Every structure is written in structure tokens, then in C-alpha cells.
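Common to both upcoming complexes is chain A, partnered first by chain B, then by chain C.
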Partner chain A sequence: MQRKGSPFTGLASVAMKEAADHMTSPRMHLVMLLILLTALGSIYGALGEIKSTVSEDPFIFLRLLTTAKQPLPSFVTFLGFLLPLIGIALAFDGINGEYSRRTMSRILSQPIYRDALLAGKFLGGLLVIGICLVTLWLLITGMGILMLGLPPSGEEILRGLTFLLVSLAYAGVWLAISLFFSTVFKSPATAALAGLTLWMVFTLFWGMIAPLAASGIAPADPFNQMSIIHQAEVGQAIARISPNTLFNEATIAILNPQTRSLGLVFAYQMERAVMGMPLPFGQSALLIWPELSGLLAAMVVVYTAAYVTFQRQEIRA
Partner chain B sequence: MVRFHRMTLAATAAGVLLAGANSSFADNMKPQGLWLTTDYPAITESIGQEATLSINLANSEEPPQRVEFSVRDLPSGWTWELQGSGKPISAAYAMPDDTAHLQLKVTPPKDIKPGQYNFTLQGNTENGTMLTLPIEMTMAEGKPASLSLEAKLPALRGTPKSSFDYDLTIKNESENDTTLNLLANAPDGFQTTFKEQYGNQELASLPLKAGESKTVKLSVKPPADVAAGDYKVAVAAANADMNAKTGLLLQLTGQPNLALSTKDGRLSGQAEAGKEQVFDYTVSNSGSAPAQDIKLSASAPSGWKVEMDPKTIDQLAPGSDQQVAVHMTPTDKAIAGDYMVTVNARGDGLSDSSNFRVTVTTSTLWGIAGLGIIGSALMVLALAVTRYGRR
Partner chain C sequence: MSTPVIEVKGLRKTYGPNAAVDGLDLTVNKGEIFGLLGPNGAGKTTTILLMLGLTEASEGEIRVLGHDPFREPLAVKQRVGYLPDAVGFYDNMTARENLAFMARLQDMPSSTAQMRIDEALLRVRLAHVADKRVATFSRGMRQRLGIADILVKGAELAILDEPTSGLDPQSTQELLDLIVKLASEGMTVVLSSHLLSMVQSICSRVALFNKGKIGLIGKVSDLAGEVLGGSYVIETVADGCDIAAVTRGIDGIGNVSMSNSGVVRIDATRDVRGEVAKAIVEAGGMLKQMSMDRSDLDEVYARYFERMDSYAA
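And then the complex of A and B:
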């Protein structure tokens, strides 16, 4: 079964069409409105908090994203919560929707491969999320310039862009998960529910499940220091299965330049350390690279699972 | 009367102390009347001084009486004044069984000749009684004004950093109270301060009563860069009439001074975790004597390897410096960020240290591992595409 021509023929047109559909759909408008409102609320709160508490900070534009004002959480926390929702919303009926509208065979009668259809749907969704994130970031930076009267520094822009990349990878993981569910389940509602369930598990319950599982796998002996450390390490490893944990760790390290380490730190490692000094951007990037590569790899692997499922489906049914 | 009886009984019972019984008897029979007395009716004063005599006006069992005072037979040119409770008076009341204390001030002219001068203080009561008090005053030549100034330890030895404190005893051997100016003449750049012996107040002048002696402290602070050698300081205490001088000696010995710095003055640098990095330091002697046996060491976070090349410097001449290479290897488990390393140079009583901030960077090896993970995920995708790609 040697295929003829590039599997990517028509990929661009499918992706652009998909993106255009998303951009005009009321579903996307609603989700964007939600995100915009939370962004405005949390940034406005952060601005007030910064004006009243921070006297001098070289990374004030990063503080805009991470500062929380009660009762609202910070913008980054909101994104960690809402980005999966966009990913799920954009792709839960990606494949099964085409079946239920009976448009799948019509599309595939065009001279494009199935590969291009799935990749196009995925890239189209990713493109839309990317546009949203860039717009949001520009909006926030503009608000910051207006309200604070300062331009962002080069390093702040670099860190902001890295943060966008991390967010995009995180949203991509959820987009891929949602796309996978839409190929597995015939009904869009089931796919959406499955996505939402997984989202709930990872955002809300994973923080409880991880230590519980760790104490089961590596029981800690209170008289043995090493076993306690081992349990903490196992717990952290399990917690890092959740894309949420990866996203949170990566944003903390990139948006708080003072962060030196994301894992366990022993007292001797902090001896004579100059606390509170920001790491250079390169070192922060090196710190989050495992998290970022984990997110990217997870995105690719889940997409591959969706791809394999989709390729093995009978589409004329 | 009760007391008398008791005393008599005591005397008879003991059979002794007859004299005591007699004096009690006399005390009881004290004289009646008015008296004008003074402690020293014949005194000698030096020329140029005014004389003050204390006068007592005593009244014993007489009614209160007003007494008017005057001075008779006072030589020409002399003036007098009578004072009671510090105020000039011309009359006083003598109360029964009481004594009024008065002061008679007599001022002879400045150009008086030595010799004996007599005059009488006279008190007239209202009922015509006249009280007289003749006074003999001998005027003598005063002693010449003199002052002595002495240092307890006139020669001190030390380094330019030590403090030189000289105790100076000043004695006013004249008969007049005086205020002295304190002066010190030191070489250029030396700071001199007069202080109280036990205190920090700086003195400019010193009041001294006649015959009194006081000890003051002279602190001399040599300039830091002064060469070794002997330095003299002249001290004087003087007023318009008299002065006293003495000489002090400072023996300054040289002192080495260590300074530690990096070659280009930067006190920060970068090092990768687990890799050796060399920083160039300079040890210099900015003092005035050679520094001996200097040891170099460093305090670094645990697990770090810090080596000095050389570890010791045997001798460093004044004004010269020595390069030291500091080899730092952060532990391979070091977390990225800034750390403080303190580099010390120590040599017989001297030390200098400098804090060096090392920014530790971590290896990019794990970055390549992350790339490998993404690469293998893409490989899986590529395999899936080749396996499941359809026509």
C-alpha cells in the first residue's frame, strides 16, 4: 500500500478552513468572552495589588500575570484552569461531528489524505488558540503599559513569549486529548464529557491522588529519612503525569525568575546561596525545559493515538 | 538643772571626772552680753589680693539689738565692704542666744608697700554700747606665678594605627586661680586632642584653682601612611602671666596591610556546575612593613572545591602585590543561581576577605535529553504514519 504524493496535500487548506470555522463559531466566542472577562478581572486586581504593595521590581510585567488579589486567583491560575476548556471545546466534535453531519465522506472524496484531515483539524485548533493567547498577552501588556506607565524590558518580553509557548503546548495537549476522544466516541456529547472528566481529574483531584498513590507505592518510614525523601520524589513524579502540574511548574519558573529549582531542594544545596536573585533567562529556560518537552511529547503522543484510532476507522459507515 | 544633777550624781558615784563636772558647771554659767569676734584677728595677705575676714556677732541672753557697723583707722586708699548672706550690709540684728555670721572684705590698693596695717571694725548698738574688733593685717610680697606641666609617660611606641594617649599633670603653683590654654605642636598630619583624663570631652582650656593639680589626656593620632621613625610633639599650658612646656615623643614602627581584590576589580563571575573555573585574585601589601606568611583560604558552599594557587605567600614587601589563581569547582549537584564565596588572606595578625558572587549555570545535557523525548514521540508518530497511512 505505497501511497502516492505527499500526505500533507491539502493540510493548509483544511487547517485554515478549520480555524476560520472556529473563529466565527458562537462556541468559540463564548469561551473567548469568558477568558477575556477573567483576564480583565485578574489583571485589574493584580494592577491594584502591585500599585499598593510593590515598590520596585525588575519584572513588574511578569508580576501582572502572577499576582492574585482576593477573591480572584491570578491570571496564570485562571489560564491553567481555562486553557484545557478551550482545547476541549474546540475539538470534542472534531471527528465524530463530521460523521454525525454526514460530511466525512464528502470531505474525504476531495483529493486529500485522512492524515491531512486530522492534522489540519489539530493545527487549525492550535492556530486559533495561539492567536487567542497572543492577543490576550498583547492586551495585558498594553493594559500594564497604560496603568503602570512603564515599557516591558527585553527579558520580560522573552519570558512572556516563553510563557505563551508553554501555554500553547499545554492547550495543545488538551486539544489532542479532546481530538482523541472525538475519534474514539461516536457521540460528540460523550467525547465532551470524557474530556471534561479527565480535566476535572487532572485539575482538581490529581493533587490528592498523587500523594495517596505515592504512599502506596513507596511507604515512608518515619524513622528513615531516605524513605521519606523517596516518597516525596515518587509523589512528585506521579504529580507530573498531569499536564496541569507541568504547566504550573513551568509558569512558576518562567514568570518568577527567583525560582531556582522545581524539585526537592536540600539544605546543603542552599548553603551560601544568594537568595532572591533572579536567574538569567537561559537558566530559567533550562529549568522549565523538562516540563516543556514533557508537554510537547505528550501532545505528540496523544495526537499519535488519535491518528492511529482515526486511520483504523471505517469511514463509509 | 536636771542635767546638772545627773552629772553631779554620776561624778560622785564614780568618784572621778571632776574636771567634766566643772566644765558642765561653767557651761551653765556662760557669759552674758554682745560680742563682735573674728577667727583670725591678725592675718597676712599677699599684695594684690583682697582680704576676706569672717566676722561673728554673738548675743548671749540679751534682748535683740540692732548693730550699726563702721571701720575706723583704715589706711587711705583702702576700701571695705561688709556682707551678710552674700549681700552688702551696714547693720545687723543680734538675736538672743544667736550668732550672726558676716564677712568683711578689705581691698588694699595695688601699689601698697609691705608692712603691718591696723584698723578696727566698730559696731554701735541703739542703746549706745560700742563693740570694737581691732584687726592687724600684714601685707607681704606674693610668690611669683608658676606652673608645672609633666607627662607621666613622655615617650610611647606603636604603629600608625595605635592611639597615643599621654597623661599630662598640670599644677598651678601660684596663688591665684587661673584658666590655662592647652596647646600642642605636632608634625603635619598628626591630630592632637586634649581630653579629660577619664572622659571624652575635648578640652580647649583648663580652669585651675590656686595650688590645684589636674591630669588631662593628650591623644595623638598619626596619619595612616606615615613612615616609621621618631616624632616629637611639644605641649604647653599657658595663660597671660605664666606658661609651662614639655616635650613628648612618638616612636612609630611600620605595619603591613593586606588588601585582597580581583585582577579586574569585578567581584562576580560565572561557573558551570561540576566544572572548574579560574578567577584571578591579587593580594597586595599597602602598609609600611613587609607582611609575612600569608595564608589564603576560601569559604564556599558545601560540596564545592576551591583551591588556591599558591596557597601561602612567604613574604610580601610593602607596596608589592602577588597574583593568586582561585580554582573553583561548584558541586555537580549545584542548583543554578547566585552563591557567595568568601576568599580570605590571613597573615600574622592581618586579614582581608572579599565576597565573590558566583553565578552557577547548569549543564545543558538535560536539555538534550528533553529533545530526545520529543524526538522519540515524533518517531512514534512517524512510525504510525508509515504503518497506518492510507492511500
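And then the complex of A and C:
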């Protein structure tokens, strides 16, 4: 089939409308409030912890994000937990909502392609998440400057921005998943529930499922070291199916410059390495490269699935 | 002189083993108000969706304004306005914002859009609620807002799916007047409906759908002649004689039938009132009532489907 005209006509209009809708929707306000509260709580806890323990640390602003003060988890842990929630909240009624409002056929009788509608919804959501993340980061940095009395270093800013990028990709995966469910399920409630179920599986249960599945696929022989290693590797590969694993690994590497590897490490590989020495930014970026591309690839794959489903749907509402 | 706006040839659309539209041939000319009629599930909405390129045809060819709506959807949608049945809007936005959003999707400069929106809202008499949220609108107001949408677009062809469903008689009349006015300004209108009297009053031609096929197509008066055997219907009440028997010899009389209420219905190809009255009186009958209607589409419709059902049985 051949089509004429640009598939991007109307894309910006749809994206801007979506973003505006999200910005004013009570749903978004609730989620943002939740995130803001957890951010304040965890950062405040981290500040206290940092002041009492660490005397001198070149990456004190990064510590703000990663330090946990019992019983609260650290900010990044929170984010790993909550970002999927924003993604789901922003898109679970993206496509099926247009049907139930009966606006779909009117929109698609305008001179735009379906591509523009779907992509506009996705980009609009991503834009809003991006704005929120940047705001949050600025807020935290501001808090840090006030409480610690010193500005972040250039490298900290660079690592912070990379962290934002990773977070955006991570939220984007969930946005795409939610958008996919909203094209597959006719009812927004079902789509939301499907999204939340997947979220539970990946955030809570995947850590248990992965080793179990690994021991099933590659049983370890206690007398064969290679088989033990093999099982661990399989377990890690399965764990990395979850976007949460990818996000956690990437944030650890980018926010803890000392991190040298994200997989199994053998003693000989650490020979002549100065333990505790931070890696330069470029090296950390290389380290998280597979994770970041994994997230982006997941986003693209899920979005494509949503796209294919949507293109085949008949518009009767 | 008549330029075809819509040309449909051998159109088929199947869902699994069932054909929703089954071999359709249709031409709608510029400036016409064309009515699509038929019982529920006859394939009217499906035909409309095919014309808009919202679903792909299984077979056949459609040209709307010279383009294939599925291959070149933008060229078609740029110039065609659509009012779906049960039209929906973004409830959290005002009437004006809703129209403005659609205008943005058409790449219309915002100053032009502003002007057209004001004008359109005035025409459909919604100017006083332009800045109210659509959530507060009644059914009729939504329907009119849908028409405003088409006006803003400046569509050459308006496709309206049951534009009057759920409207009260007054709103229906207003909407019809508006449609007629738009057509007189050069817009081509295709509408589907169950309200036959309405279709009759405004449509230049109609197509009667039956199970995905067009049963009849043409001017309302022509259809009446074809289906009823005459385009005049005389209703009369008389005591003391058998009307069917006494009028048998009169030239031009088609079917004569008696209803439960005692009213006798005579279909005729010309005005035979004088002769019928004379025949009744001469036969010693007491003529109590006689009236004539040009037979209307309701009749055509009812008779046509009666006949189809009896064929099917």
C-alpha cells in the first residue's frame, strides 16, 4: 500500500494538546504530588545521613540521590518504583479513551494519519514526564545547594543529566507499554489494570522469578564452577528483561562513579584496579551504554506493537 | 453539468463471511443532498466509513472528490467534513477550544481559524456558549457543534451519519434548514437517516439500502411510483358500499386496501378523488371522509421492505 502526504502532519498539534491535557489533569497532579512528597522525604533523609557520616566526598550531590536513610529508601529507588506509575497513569486511556469519548472518528477524519495521533500521544506524555523530571532535579539540586552550602561540580551536573536521560527512557518504556494496553483493551480500566499488573511483576516479583527461571533453564552442578557461573549469567540475562533491572543498573553506574562493572566480576579482572577510585564520566557512560540502548530498544519495540495494533483497528466511534 | 463528487463502483466490505456492504454502485453529484436509507445493519455507516477511508474496502472502487480515500486519505479528508453518529467532543474543553484543536489538525493558520470559528458558532447558534465546556452541552448542542466543525473546515462535501438522531422535532427542523442552506451555498451533503419524512423533505435523491445492497435509488417521487404503483395515496372512509368493488373500473387506480380503523387506502397514479367520490355516491355509499397525500417515503420504505421480506420468505 502506498500513501501520500507526510505522516507527521498534525503530530505537533496532537502532542501539544496531550501535554496540555496532562498538565491540567488531576490525575497528573496526584502522581506529581506523590513523587514530590517521596522526593522531599528521601532527599531530606539523605541530607541528614550525608551530614552525619560522609565528611568529604567529591560527588556529594549524587549521594543526595542514592543515599538511603532507614526506613526510607533512596530517591533513585523511589523513582525506579514510581516512574512506571507515571508512565501508566499518562497513557492507559490514550487510545481507548478516544473511542469511549467518541472523538476518534472525528479526529481521524481530519487530514492526519493515525501515526500522528499515536506518536503525538506518546511524545506528549514523554514531554510532560521530561518536564517533571527536570523540575524535580532542579528542585533537588536547589535543596542541596541550600543545605550543603556548595554548588554541584561540572561532572555531577553531567552525571545528573545522564541520569535524567536514563529516567526518561525508563518512563518512556512504561508509557509505551501503557499506550499499547490502551490500544489492545477497549476499556481504560482494563488497560490500567494490565499496566499495574505488569508493573507489580517487574518491580516486585522479577527479582524472585529470574533466579528461579535460571535454575530451571541452566541447572547448576555444585562441583562444576562453570555451571554455577553459567546459571548466574542466565539469571542476569533474565533479570535484564525487566526495564526496572536496566534502570537500576544504569543509575547505579552513573550515580556511583566507583562502579566498574555491572555483571559478574572475577578477581583477575580487578587486578591493578585501584579500588574505590571513581571512573571518569566517559567510562561510566560506556558502562551504561548497553542498559540505555536496552531501554530505548524496549521503548521502540513496545511502541511498534502499539502502532501495528492501532493501524489495524477499525474506527467506528 | 453535474460533476460527480462521489463515485462508488462494485464496493464490497466483508467481515469474515458476512458482507456488510455487498456490491454497491453509487454516484453523488455536486450540490446534491443525498440520503442513505435503510434499516439497522443495512450497511449505511459502513459505506460512510469506506467513503472516508476509515476502513479498507474488500473489493471495488471509491473516488471521493477524485481521490481514493484509502490511498490518499489526506487529500480527501482535507476537503470532506464528517459528523459521526453519536458525535463526541473533549468534554473538558470549551466549544471554541474543541473547534480550534480540529482546525490546528488541518494546519489552518490560527487567525483564519479564529474568524471561521466565530462565524460557524454564530451560524449554528452556539455563540452564546462558545466558552462553556462541552460537558455541559445537550445532545442537540453537540450535534450542532459537530456541524460547526464541518463549517470551520470549509468542507466541500459533508457526510452526516444520522444527524438528527436523538433530536426533538424543533431541533430537527432547525438542523434540516441549516443543511438545506449549506447545500444551496454549494456544499454537497450525504446523510444517512431513519427519519424518512425528513429525508424526503430535503434530499434530492435517496438510496434505499437493504442488506448491504442498494435496493432502490433515485428521486423520492420516482421511487414512490416504482414501489407503490402510483405516487398518489387517497384515504377515504365511506359507509354502505364496498369501495374496492365500486372503484375497480376507474383508470389509474393501483392497490386498494383497508386498514383496521376502517380507512380505505387507494394508491393511484393520478388524482382520482373526483371519480372515486362519484363512484361511491352512485353505489349508494355515504362518503364520510376523503383526503389525499402525495405518497411519502415512509410508505415507499415500508412497502419496499415488506416486499423484500415476502420474497425472502
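Here is the rule we go by: the second predicted complex is superposed on the first by the 315 of 317 C-alpha atoms of A that agree within 3 Å, B and C clash if a C-alpha of one lies under 4 Å from a C-alpha of the other, contacts with A are read in each partner's own complex, and residues count from 1 in each chain.
Everything below uses one rule, namely that contacts are C-beta pairs under 8 Å (C-beta built on N, C-alpha and C of every residue); 3 or more make two chains touch, one makes a residue touch a chain.
All values derive from a computational prediction rather than experimental measurement.
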Chain B versus chain C as contact partner of A:134, first or second or both or neither: neither
Which of chain B and chain C A:113 touches, first, second, both or neither: both
First, second, both or neither for A:314, with chain B first and chain C second: second
Chain B versus chain C as contact partner of A:303, first or second or both or neither: first
Which superposed partner A:212 touches (first chain B, second chain C, both, neither): neither
Partner chain in contact with A:204 - chain B first, chain C second, else both or neither: neither
In the superposition, chain B vs chain C on chain A residues touched: B
Partner chain(s) touched by A:102 [first = chain B, second = chain C, both, neither]: second
Chain A positions touched by chain B in one structure and by chain C in the second: 1, 3-4, 113
Chain A contact footprint on chain B (complex, rising order): 299-303, 333-341, 357, 359, 361-362, 364, 366-367, 369-371, 373-374, 376-378, 380-381, 384-385, 388-391
Residues of chain A touching chain B in the complex: 1, 3-4, 7, 113-115, 260-261, 265, 268-274, 277, 279-280, 282-283, 286-287, 289-290, 292-294, 296-298, 300-301, 303-304, 307-308, 311-312
Complex interface listing, chain C residues touching chain A: 45, 49, 52, 54-55, 71-75, 77-78, 80-82, 84, 86-92, 101-102, 104-107, 146, 149
Chain A residues touching chain C - in the complex, by the definition given at the top: 1-5, 9-10, 13-14, 17, 21, 24, 101-103, 105-113, 314-317
